[in-house]
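Since the structure comes first, as structure tokens, the remarks are kept for the end.
Letters A, B, C and D mark the chains as written, and numbering starts fresh at 1 in each.
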Amino acid sequence: MTALAHIVDGPVTSEVVTQALATPAWRAGREGAHTGAIVRFDGVVRRMEVDASGEGRALVALDYQTYDPMADRELTALAARILETHALLRIAAIHSRGRVEVGATSFVLIVEAAHRAEALVAMEAFIDALKVDAPIWKRPIWA
Amino acid sequence: MTALAHIVDGPVTSEVVTQALATPAWRAGREGAHTGAIVRFDGVVRRMEVDASGEGRALVALDYQTYDPMADRELTALAARILETHALLRIAAIHSRGRVEVGATSFVLIVEAAHRAEALVAMEAFIDALKVDAPIWKRPIWA
Amino acid sequence: MTVQVLVFGAIAAAANAHSVSVAVPSSPTVADVLAALAAEHPALRFALPSARLAINSAFAASTAAVGPGDELALIALVGGG
Amino acid sequence: MTVQVLVFGAIAAAANAHSVSVAVPSSPTVADVLAALAAEHPALRFALPSARLAINSAFAASTAAVGPGDELALIALVGGG
């Protein structure tokens, strides 16, 4: 499975894609001159997860199930909301669907803002809301 | 001036370099399987800065002056300290020296950790400490 | 009337199915569907406190009306990322 | 004895120089150098509350001894990033 690299050049990019994720190309936009901070978060599939009995256990991959097209819609709505609430210049949120191996990236969030503080706050707010609003579930594939 | 792309593959990478910065290649290491979050911060030269009279004013570039070799040493010491304090798996901190144009990146920080929370806290702690400890000064080149 | 509700993740595992059906009064609301799920599917009760119902891929308020052709999905607070 | 202290950024601008010299007692400490800077260079006083002295590229405590061949630098809290 090839990792997918996006090209990000609009104010809001959001997508659920059926593969692991690579670094999106971040194209400088007209907003560029106001930009003071770009923060990128990669969520990576970790080898150890807690199983149903509360024990740490090794896995080989996570299998992400999505409820389509709601997953895409919620991701886009969330990105647009966070862009506006935190006065960002740009945001991109891309989530994997299906199987993603340990060590591979299943979620990428990039925020571009005038200052570091608003970029970091927006990032936290996005990830917290994602876990509540996005109809995306992960199933561990144990080693 | 060509932007510099680093290859990051040790636990601590730190450097002051005489150019604008590009995206470092982040090579998956042995730690990879424990990694759950990689967070990258790009500090970008913003067009508007406040001048001595407190007015917003446009600039074309910032000129970063460093006290060498102390700047490199402090960056490295800070990276090693944050790696240990926040139990990171990897950290890279690269700062520009000399002239960096508006829209270009003058500072890159990447932290790799098992979880998002420690990565974000470490990033904030690093940047706060950088502003206190790193013998690096910026001079605005006004438009 | 009977409605089908799509389920996912841990709820699908508990139901051992990707959808469940429940009997609801005519002209049901979201609250009626959630109440019927709790009454008819005890195995799903663990998830209901954090779950919301989506109608046609959008989260719906508890007073929202459920129509005959609507696609219903039970979304529990166990998200991605 | 007289020591040279490297200055940078806003301090260099205020001093109109990249280093300043100050007269200090023999066997001076960091505190002696900072006191002499305040006394002999009023234009730099604005920066001294947030400034630290580095000896040979390492921050030094106020009680640290300054030797004849040491490189001294005044580092004020106006960092990079």
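Just so we're on the same page, a residue touches a chain if its C-beta (ideal position, glycine included) is under 8 Å from a C-beta of that chain, and two chains touch if they have at least 3 such contacts.
Please read all numbers here as calculations on a predicted model, not as lab measurements.
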item	value
Smallest count of steps, each to a touching chain, taking subunit A to subunit D	2
Both-way neighbours, i.e. chains that touch subunit D and touch subunit B	none
Chain separated most widely from subunit A, comparing mean CA positions	D
Euclidean distance of C-alpha centroids - subunit A vs subunit B, Å	22
Distance between the centres, which are taken as Cα means, of subunit C and subunit B, whole angstrom	48
Distance from the mean Cα position of subunit C to that of subunit A, given in whole angstrom	27
Rounded Å distance between subunit C and subunit D, as computed from the means of their C-alpha atoms	70
Numbers and ranges of subunit D residues touching at least 2 other chains	none
Overlap residues in subunit B, where contacts from two or more other chains coincide	43, 127
All chain pairs that touch each other	A-B, A-C, B-D
Subunit A-touching residues of subunit C, taken from the complex the two chains share	6, 8-10, 54, 57-59, 73, 75, 77-81
Subunit A - residues contacting subunit B, complex	23, 28, 32-48, 102-103, 105, 114, 116, 120, 123-124, 127
Touching residues on subunit B, where the partner in the complex is subunit D	43, 64-67, 69-70, 73, 95, 106-107, 127, 130-139
